[in-house]
Amino acid sequence: MKNDLTLRVLAKLLIPFILLFALYVQFHGDFGPGGGFQAGVILAAAVIFYALIFGLADARKVVPEPLVESMMALGVLIYAGVGVAGLLLGGNFLDYFVLDPNSVHGQHRGIFWVEVGVATTVSGVMLKIFYMFVSRGEVDE
Amino acid sequence: MSFLQHLPALQVVVPLMAAPLALLLRRSNYAFLVVLTATWAALAISTGLWVQVADSGPLSYAIGNWPAPWGIEYRVDPLNAFMLVFVSGVAAVVLPYSYSSIQAEVAPQQHYLFYTMFALCLTGLLGICITGDAFNIFVFLEISALSTYVLIAMGRDRRALMASYQYLIMGTIGATFIVVGIGLLYLMTGTLNLADMGKRMAEVQGSRPVLAALAFLTVGISLKLALFPLHQWLPNAYAFAPSAVSAFLAATATKVAVYVLLRFYFSVFGQSQVFGRLPMEEMMLILALAGMFAASVMAIYQTNLKRLFAYSSVGQIGYIILGLSFGSVNGLTSTVVHLVNHGVTKGAIFMLLGGVALRMGGTTLARVQGMGKVMPWTSFGILICGLSLIGLPGTAGFISKWYLLLAALERDQWWLVFLIVLSSLLAVLYVWRFVEVAYFKEPRQDIVAVSEAPLGLLLPSAVLVVATVYFGLDTSLTVGSAARAAEFLMGGLR
Amino acid sequence: MNGMVNSMGVGGHFTYVITVFLMVAGLFIVIAPGNLIKKLIGLGIFQTSVYLLYIAPGKLVGGTAPILSDAYTVYSNPLPHVLILTAIVVGVATLALGLALVVRIREAYGCIEEDDILALDAAAQDSTPTKQ
Amino acid sequence: MLSPEHIVLLTLVLPAIGAVAIALAGRWPNLREAITLLTAVALLVWVSQLLPVVQSGDLPTVTWLTLMPGLDISFKVEPLGMLFALIASGLWIVNSIYSIGYMRGNQEQRQTRFFVCFALAISATLGIAFSGNLLTLFVFYEVLTLVTYPLVTHHGTTKARDGGRVYLGILMGTSTVFLLPALIYIWHVAGTTDFVAGGILADKLGPGALAGLLALCMFGIGKAALMPFHRWLPAAMVAPTPVSALLHAVAVVKAGVFSVVKVIFYIFGVDTLLSAGATHWLIAVAGFTIIAASVVALGADNLKRRLAYSTISQLSYITLATAVLAPLSIVGAVIHIAAHAVGKITLFFAAGAIYTAAHKTEVSQLDGIGRRMPWTMGAFSIAALSMIGLPPAVGFISKWYMISGAMAVQNWWVVGIIVVSTLLNAGYFLPIIYRAFFVPAAHDAHDHPHGEAPLPMVVALTTTAAATVLLFFWPDVPLALARQMLTP
């Protein structure tokens, strides 16, 4: 597939838009349907698409495996970090109200970072699963 | 003071944060240190919670400051305060053990993953215990279950994969049943908060969906706690997992599932509901008895010590459920006490068996012949724990058996009394299979030169062995807490 | 909540019928075939039935997303969706893990039929434990 | 000077400390044996310190730890326990001397383990003797079973393993299946398990329940070897002879009958049982055991087997005499604990001496052995007289009291059983003595020249034989203690 010109051009065209869409879904999650889960999956889909067209090796160059694993971990840490920030600022765990003097802003700020964490972890996990299954073939057959 | 207020959240958050940190650090020693710190911190936190609850009654913590019926509430009462101490205590002992244990049993590049999964598993188990929200229970249940599947699959025998797969299938079915049950309860009561659910249960009592929920929950949780005959996943999972995992699972996983059952039966449905509307009492009684006898008999015929003691676990779970089925304070006391006593005992046994597997290359009866000679301390430890399984005085098992028999005698059910003591004689049989192989046979030629297990394995195991004896002599901690928890459950959550 | 269920009339029961059908079919697929992948598929179907069980009663015909606005008075209950989102994630994780296990089982045993694997295990029972 | 309470704890811990020391000294046999003897002597000294305290009517009471709310491991030295402790600690010294001779004479393996378990068994026995409630008694009863198990299976052979299975199976089976539920039921009914003179079950249970509970207790105490739970005793004969002596005389079976007396006297209460008439079946079972075991003994050719069945029958004397519930017969039962202890230990010592010196185990091989081993067979004869109940041996006194008691309540059945069994006793002991002294030795394949057994063994068995006679002339201490128990 690597040599199919149509696919290569199409992919190069599409992938930026997919990434953009992921960001849209991510940040629009505040106001409408969307959020970290969906955005994370779309983000991962973009990378998977890239891997399908340009091959695993190239994909690994763009998003190396250690990065993927770190993303999984970092996302959870961001999420929990928001919670702990709430704790440190005098509220309960995951208390968004105290994140900003204005409690509505606090809510925004809290959910924003939580969703960032979710997106990071979800795309990390999706990519991890993908890499795991794809790389099996290399060793086996 | 403000710090102490947040202990319920920290109880879960500390191990939760340790997991990604261990994953990020990648170096197994660093990962170990992080998870060890978190585990010991969790023990300290749970002890703090336990003291607080003993002093000033149940605690409530609103996650995200959303008040109770709407937000997720963490609730610590006499029952789960005790469970938290137990789970984190076992973890605090097993983790140092695993450091030496997995050197031989898990591929080095997977060590940091092991610690990550261990931290996740601990998070899940602690979360199950502490949360006051029905759906949250499911989430934590799956967190612990998923990490457990991974941990089991790390076993070096290829059968570990199959064991893990079977556990995954059974565990997921169980979890799904539990969600269905929770869903039905949510539809009927409109709340997910357990305490709130318990209060609203009065309005919908006896309606068919509630009974269906009871049935779904019972089956689902029974799968998780390996109630006979839903126990098939357990023997293989215990036998082929890495030793540290076997020990941790044997000590805590099924016990936490029993806690969930107690929580739903007594805090949500209320005793009258559970035991009045459906013949739950009889059902639990029969299944418990069947488990006590059938699993113990199966244990007698095992040729592998790990499987032998795994079947013994299924039998012992029978005792735990039997106590529950009485629906009396003494019965529940025996359930809660036996949860802990059996957890400690079985944890110790599987930790010691880890040393055996390491030194002798396996735990089949044919292989461990003459173990008493070459590994005297390990054999002696297993013997002590075996006596506790039998329920001999001076060991923790005796205390549980005492309360169980007392509960049966309270109802003047002598036939039950005799069944209980007869089944404990079956325990004598399987424990004595070990004794006779270990002490009456000469060691095989290839293991004569085997030495005692390394201190890194022996010392943590010794802690649990000593605990097994200690809880048989001084029961103010175990029975005291269990009795308080039992009275609390019988009084309802209100 | 009771009211919601009742107001859906036949439609409500319809979703229950589907739920129960999926549940039983899924469970059957888990139990019946010996192929490990098929079992996982069954497990997936089984779990899907629960998603339906949760979401269907939360949905009101004609209701909108629960965003406060003067224009709408009828909202669907958002909580089941949130819950089920979590359950779906759990389901995905379980499926992924299950498949990963099957891949490794295939590598270790050379097959993914349960009977064959058990036969291989039984044959290897007496010899020393096989390394992966 | 230590207070009596501290002495009680000391006596319990002392043998256990001795066991640790013995284990540590395992590499130096002489040091090890010195520690054994030293501990034994020290123990007897401390135990006898308690005697005047108890006789002054002051019963030292100690609570060790609280097992469960309301359930303590506690100790109370009452006259009966005092007597039992004296017997056990006194005979331990003799048995230790004998064991040293036997183990060295037969070059046994695993001697350290042997002496360690022996010391632990004494510790458990004292725990039983001084137990202040039924729970404590039960705990130490089980401990005793466990620590004697390695002794029974000492040889580690298949035969030893099988014997150990029966031993453990019956003792642990009966105590778990019968005694434990009984114990918990007593606690449930009475709210206590303390040993109180007059019992704790008065007015708490109907006659039927009382008889049932008594049955659970009596069969639960498998160490008292009431038929049909007697098979462990002959099975345990696979053990080395000092162990048999320990089982039969010092610790195990004595712990059994001691528990029987203690449970009947302090838990049920004589008056309660009398008014309920709950012991008739026990008299029947014990009587049957006496006769049946004697008949089996009559037919046994193996010397140790004959002695084992003799023990079963003698034990049931004690149960029988207690079940009669007459004051005098209870006195007889108490004295018989002491009488049978010194008598039976002598017989086993003699059997072991014969085995060590002549390698003979069957009665039919003993022709003329009395001329080669005069001390051994002399002691054997005296002890046999005691078993039969003839003067000048202490067995006469205990039997006298038993029969007097039975006559006092006009229980002619019991009198008849004792008389018939006396004849049977004579029937299986006198032929041995006759063979030993009056039949000339057969010069066959088994024969080889030998003299007396090693000196420590002879000293030990002579001492206990002498004690049998001395107790006949001066039975003051056991008698006083028995009387004190009846009139608190």
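Note that the chains are named A, B, C and D in the order they appear, and that numbering of residues resets to 1 at the start of each chain.
In this text, a contact is a pair of C-beta atoms (placed from the backbone, for glycine too) under 8 Å apart; a residue touches a chain by one contact, two chains touch by 3 or more.
What you see is a predicted model, and the numbers here were worked out from it, not measured in a lab.
Asks: Suppose chain B were gone and every other chain stayed put; which groups of chains would still be connected through touching?
Replies: Without chain B, the chains split into A, C | D.
Asks: Chains in contact with chain A and with chain C: which ones?
Replies: B
Asks: If every chain is reduced to the average of its C-alpha atoms, which one ends up farthest from chain A?
Replies: D
Asks: Counting C-beta pairs in contact, which two chains come out on top?
Replies: Chains B-C share more contact pairs than any other pair.
Asks: Round to the nearest whole Å and give the separation of the Cα centres of chain B and chain D.
Replies: The answer is 44 Å.
Asks: Would you kindly tell me how far, in whole Å, the mean C-alpha position of chain D lies from that of chain C?
Replies: 68
Asks: Take the average of all CA coordinates in chain A, do the same for chain B, and state the distance between these two points in whole angstrom.
Replies: 36
Asks: Starting from the mean Cα coordinates of chain A and chain D, work out the distance between those two points in Å.
Replies: It comes to 79 Å between the two C-alpha centres.
Asks: Two or more other chains touching the same residue: where does that happen in chain C?
Replies: Counting only residues that touch two or more other chains, chain C contributes 93.
Asks: Any two chains that touch count here, so list every such pair.
Replies: According to the stated criterion, the contacting chain pairs are A-B, A-C, B-C, B-D.
Asks: Given the complex with chain B, which residues does chain C contribute to the contact?
Replies: 1-2, 5, 23, 27, 30, 36, 39, 43, 46-47, 50, 53-54, 57, 79-80, 83, 86-87, 90, 93-94, 97-98, 101-102, 104-105, 108-109, 117, 121, 128-132
Asks: In their shared complex, at which residues does chain D touch chain B?
Replies: Within the complex, chain D contacts chain B at residues 65-69, 73, 138-139, 142-143, 146, 153, 156, 158, 160-161, 165, 168-169, 172-173, 176-177, 180-181, 184-185, 187-188.
Asks: Which residues of chain A touch chain B in their complex?
Replies: Those in contact with chain B are residues 66, 69-70, 72-77, 80, 83-84, 86-87, 90-97.
Asks: Of all residues in chain B, which touch chain A in the complex?
Replies: 2, 6, 9-10, 13, 16-17, 19-21, 23-24, 26, 61-65
Asks: Can you list the residues on chain C that touch chain A in the complex?
Replies: Residue list for chain C touching chain A: 65, 67, 85, 89, 93, 96, 99-100, 103, 107.
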